[in-house]
Amino acid sequence: MIVRPRLHWLRMLFVWRGSVVPRILWRLGFFLALSCLVVAMGPPSFRLEPGPLGLVGVALAIFLGFRNSTAYDRFWEGRKLWGSLVIVSRSFTRQALTLPTPALTRDERRGVCDRLSALALTLNHQLRQTQADVTTLSSGVREHVLRAEHRPARVLMGLAEWLSEQRRQGRLSDLLVTSLDENLNRLSEVLGGCERIAATPIPYVYSVMLHRTVYLYSLLLPFALAGGLGWATPLVSVFISYTFIALDTVTAELEDPFGTEPNDLPLDALTRHVERAVLELAGEPLPPALQPDERFVLT
Amino acid sequence: MIVRPRLHWLRMLFVWRGSVVPRILWRLGFFLALSCLVVAMGPPSFRLEPGPLGLVGVALAIFLGFRNSTAYDRFWEGRKLWGSLVIVSRSFTRQALTLPTPALTRDERRGVCDRLSALALTLNHQLRQTQADVTTLSSGVREHVLRAEHRPARVLMGLAEWLSEQRRQGRLSDLLVTSLDENLNRLSEVLGGCERIAATPIPYVYSVMLHRTVYLYSLLLPFALAGGLGWATPLVSVFISYTFIALDTVTAELEDPFGTEPNDLPLDALTRHVERAVLELAGEPLPPALQPDERFVLT
Amino acid sequence: MIVRPRLHWLRMLFVWRGSVVPRILWRLGFFLALSCLVVAMGPPSFRLEPGPLGLVGVALAIFLGFRNSTAYDRFWEGRKLWGSLVIVSRSFTRQALTLPTPALTRDERRGVCDRLSALALTLNHQLRQTQADVTTLSSGVREHVLRAEHRPARVLMGLAEWLSEQRRQGRLSDLLVTSLDENLNRLSEVLGGCERIAATPIPYVYSVMLHRTVYLYSLLLPFALAGGLGWATPLVSVFISYTFIALDTVTAELEDPFGTEPNDLPLDALTRHVERAVLELAGEPLPPALQPDERFVLT
Amino acid sequence: MIVRPRLHWLRMLFVWRGSVVPRILWRLGFFLALSCLVVAMGPPSFRLEPGPLGLVGVALAIFLGFRNSTAYDRFWEGRKLWGSLVIVSRSFTRQALTLPTPALTRDERRGVCDRLSALALTLNHQLRQTQADVTTLSSGVREHVLRAEHRPARVLMGLAEWLSEQRRQGRLSDLLVTSLDENLNRLSEVLGGCERIAATPIPYVYSVMLHRTVYLYSLLLPFALAGGLGWATPLVSVFISYTFIALDTVTAELEDPFGTEPNDLPLDALTRHVERAVLELAGEPLPPALQPDERFVLT
Amino acid sequence: MIVRPRLHWLRMLFVWRGSVVPRILWRLGFFLALSCLVVAMGPPSFRLEPGPLGLVGVALAIFLGFRNSTAYDRFWEGRKLWGSLVIVSRSFTRQALTLPTPALTRDERRGVCDRLSALALTLNHQLRQTQADVTTLSSGVREHVLRAEHRPARVLMGLAEWLSEQRRQGRLSDLLVTSLDENLNRLSEVLGGCERIAATPIPYVYSVMLHRTVYLYSLLLPFALAGGLGWATPLVSVFISYTFIALDTVTAELEDPFGTEPNDLPLDALTRHVERAVLELAGEPLPPALQPDERFVLT
């Protein structure tokens, strides 16, 4: 995610880092060249006018508007789920620190924090389909986790076993167990929600339809404008193409919010945030928060 | 559901598999032929202009925009409900594995998993109105299920009976029973939600209005464009018709998300996913996950 | 509700049953006649052009788009509430069948089912403002219900009394009572939600504004088009009027989803569905499901 | 709230009562006069055309569309909150009538009903910033309430004290207390939700931007149309102005749904509805429901 | 937040305070000057027409509409979260005052109120990234809080410790503890929700795309209009630019609702509101509510 500090409105017009322009420069260049060519060739035998092209606008507005809001909803739902992960991790820690009798020892407290951190870590890697060790877990638990196909579910199971163990030892009554167990249900919802977004993209056919409409439209644009605008055509037609191609590119990034492209969610920073949140409650020393790199990108 | 890997933006323009074009090719061909005919016939006595046709755009935008977002909402709600099925199945398994005293034997654990798998399986077949055996269930339960009209509700009842049995044996206190029972309520919500989507389509009148508007619009288009565009008419008018007809076709698929058309939800894969999710928690060997076929379709 | 089976895209263009056209035929006829008259009269002294009329499009799009999505939301929320009624009725039955000790006798089971069916039945008649007997209830309860102004609330109270009675007999612990009582809260939400939709229409002023705009627009249309289109005017102007008048008519039906117009919710079928759902769980013989009539209408 | 019975589509075009026209008549008259003047003055040196004005349409559509849906959302959320008040009042009454052992006497039952009615009444007056006595409450409680700044919160506190008293007397176990207390939480949500809507208007700047755009647009309209339409200008331009000014006026009413303007929520009727709902459950005689006045307005 | 009293519709057209105009005056002035220059220069060799520029309208509508609704959603969600803070603080106070046995002393009651006020205060300063003392807390708790990185989470932990202490003293049974603990979970959700909004802006790329489109559009506008409108150009083009630039500016404020700009949420007033709400329930003297300053701004 790009977390650039807010700029003066004038400087914002010339931003390069954090803009989508660098990635679509070649395409815009192509349409610029095409426009110039069309104007230079003089009145084409292939006539077009802005009016008819405006009729495509309705479909384009529906496609782009739908794709954009759907992609952003996925992005924001993903963020909400990770927000829930922070919230419930804190709630579970709070309960684990205040409810058992006798209270947890420092080591036991640390154990709970480690399991919650491991949950965030394994979820992160599950979603990005990368591999990572979970060194903070005790060796027995860790082995189980590494062998599992769906590791975060296994870590969550480990928390349930910890809870069951507290109950067996009589440190938590059935009533308090159900109270903590309810928060495990909520963690399960976070896992399942993230899984759902990651496993079910926006129906493929939308991407194809939008993509084709955008590029075909951009291709016809110079022909439609050249007659009326003359040498203003390249400027206007590339401007219009820029708005559509940029939006098409951005929504393709946002619709899969757990990736590692510039506009995706900063899962690494969020994982660290969960870790810091639970450790602070437990009164443990905190690892530093992740900072954006020099391109303002937070991973 | 089509789960095609992400393509380069240039290749995406020429995708055939996973596109809706093959299915509407004949219709587009008809409108292409019509356009050519209209242009070839010379200035028609039947005059039309793009301006008045643009007035239809307002209604078309409302119809298409509404139909599209409603259909997608149904698709996505269906997906969320099946996501909930995964989540709650995992939660119920977690509770069944950690809360009873004494703990379940391996056979009993397997029994819980089988019931949850059977729930997903029967829901799948209920929604697709197909018949299937539920071989994993013990013969007594199975007979009950096969005799029922609404099989998933019967399987859920079986889970409630299992829970009641645990309570009668004193392995679960009233308190823990209500905690598991709450998850049965959630499963009941999943069943009811899927039923609602399957039983109540978008009001029929919308489909008819949209359908007529789209095709009548496409029919008038060549007449409106021919005067101003000449031989560019076939290209532009088929392009515009393509966007509307494709969207009309796609939304008709998505609005009934539990069918077996290319853009519908992959219920078979999700059923298997539930099965794998609960078996993994129970430490049982896993059946393989379902893979998309060579046309990138996952059923 | 019209539940017509899916048709071939070509046949769908000529659907008569289930279309809104028959109901607005006279109005469309009037605008057709007007158009012909305007064209036949030759160039009117009262000049109009499509451009200025396009400016009305903005307001029309906002009015129609808003009215349509709001009306559909009411329709769909109504459906969700009745879906909830099915879900919670099933959940309550499940709990009543599995939790009390000793278990209910067959007569008692039947009693619970009858009360839940009566809830759906009285809610149905409350919403449609019709009168109906609740013959399934025992005479004592029935009398109470028939005397009440808000009958479904009274039936729900009867369920609470049944629950209280179970508790007094020691068949349900306080804990299990609260678990069933929570489902009574949910039923109360269903009742209240339906009541809210039925008692609070979309603010009247919207209907008036939209209505006027649609008909005034349709009236001006022939004058605006005649100059440019000649004898194509009747076709195009009636086509545009059709889209707006049809949508206005449909949304007026959907906004009050509990009525008995063709696009309203099939409350009778849903009432029967609740009855069947709870009876099946109790292992009782089932009354037949309601079927759509020959006009594909389900009431 | 205007609750006019549904009219024939033809009569609806000429509705006066319940329409917003009477309130904006002078403004429409002004724009009518302006239009006539502009046409009568002949071709102005101040040239304008519909095309450029159409560009304002985009902003206008966004402003009006946003303001309208936001205002309606506030209206509908307010209605939902009052619907919740009815629902939870009924649920609380149901619990109070069936759960305590020994059961409440008639006087005690009446006391619970009175407190719930007083909650609705004080909330009503709090939202409308009017003063009212709460004569139904016993003198001790009443004094407390009248001295409080936020009276509904004080009434709710009174319900909590009643609950605490029941518990102290041993009529409700801790478990049943938490069950009723959960409904007090829900009532607290209703109070807080209404407070939020009443205290936080739509950001002021939106009203100003929309207002200015609408009137400036209406002012420019005759100049833009006169050239092309001649004496059709007054009709068309006042028609367009009407749609925008009417919508601006209506949304200003709806955005503050707890006021006493014609399209606001009928808080008095809803207060009475709560009173009737709880009294009916308790088997007490009911005060009559409020009826709309001769202008179809329900307060 | 600007809380200006409602004005007459005529006066509202000339509002200065609370309008966004003062802040964008220089920019509008620049575009005014540019327009005049373009018209004065006579027919430019650089031709432009309104038609092609209208094609940009589609993208602009999508960008502005999306940005606006997303920004407002963030604003309103932030407000809802602070509304929840009020609601749950009241609920927690109610429970703390009525449930423990023996009841809290006056000092203890005051202690609970102080902790809840401190929660609002620290959340306020956390969100605005300012520093503030929490003088109301007892010195032991205060030290802990001031040392924490995430102070509101630490204050919440303090409430959990207070709750745990009540339980250890036997004043609250496990059951009542879980009931209050559930409200701590809700407070945790408020904290996490606010954190999410504050930490995750709308993807930066949207701001850049919209910003560029708005200003480039405004720059091209005079050239497109001058040919057709002559000296009406400055008026119309600045009017259009005003609508877009004003909306761009307002949404930039609203998207970060916890700042201190004129349209941001009045966190100071809300903090005081929480304090007053809990103190009133406890029967303590109330500090005065915050009032808007002479520019109608409430902070």
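Some notes on this structure:
All chains are identified by letter, namely A, B, C, D and E, in their written order; residue positions are counted from 1 within each chain.
Just so we're on the same page, a residue touches a chain if its C-beta (ideal position, glycine included) is under 8 Å from a C-beta of that chain, and two chains touch if they have at least 3 such contacts.
None of the values given here were measured: they were computed from a predicted structure.
Steps from chain A to chain D, minimised over paths through touching chains, total 2. In summary, the chains found to touch both chain C and chain E are D. Averaging Cα coordinates per chain places chain B and chain D 38 Å apart. Chain C and chain D, compared by their mean Cα positions, are separated by 23 Å.
The multi-chain contact residues of chain B, meaning those touching 2 or more other chains, are 51, 53-54, 57, 60-61, 65, 175, 178. Taken pairwise by the contact criterion, the protein chains form one closed cycle in which every chain touches exactly two others. Starting at chain C and proceeding toward chain D, the closed ring of contacting chains reads C, D, E, A, B.
Residues 27, 46-49, 51-63, 65-66, 70, 148-150, 153-154, 156-157, 160-161, 163-164, 168, 174-175, 177-178, 181-182, 184-185, 188-189, 191-193, 195-196, 200-201, 203-209, 211-213, 215-216, 220, 223, 249, 252 of chain E are the ones that touch chain A when the two sit in their complex.
Residues 1-4, 6, 9, 12-13, 15, 18-20, 50-51, 53-54, 57, 60-61, 64-65, 68-69, 72, 75, 79-80, 83-84, 86-88, 90-91, 94-95, 97-99, 101, 173, 175-176, 178-179, 183, 221, 224-225, 228-232, 236, 239-240, 243-244, 246-247, 250, 254, 262-263, 265, 276-277, 280-281, 286, 296 of chain A are the ones that touch chain E when the two sit in their complex.
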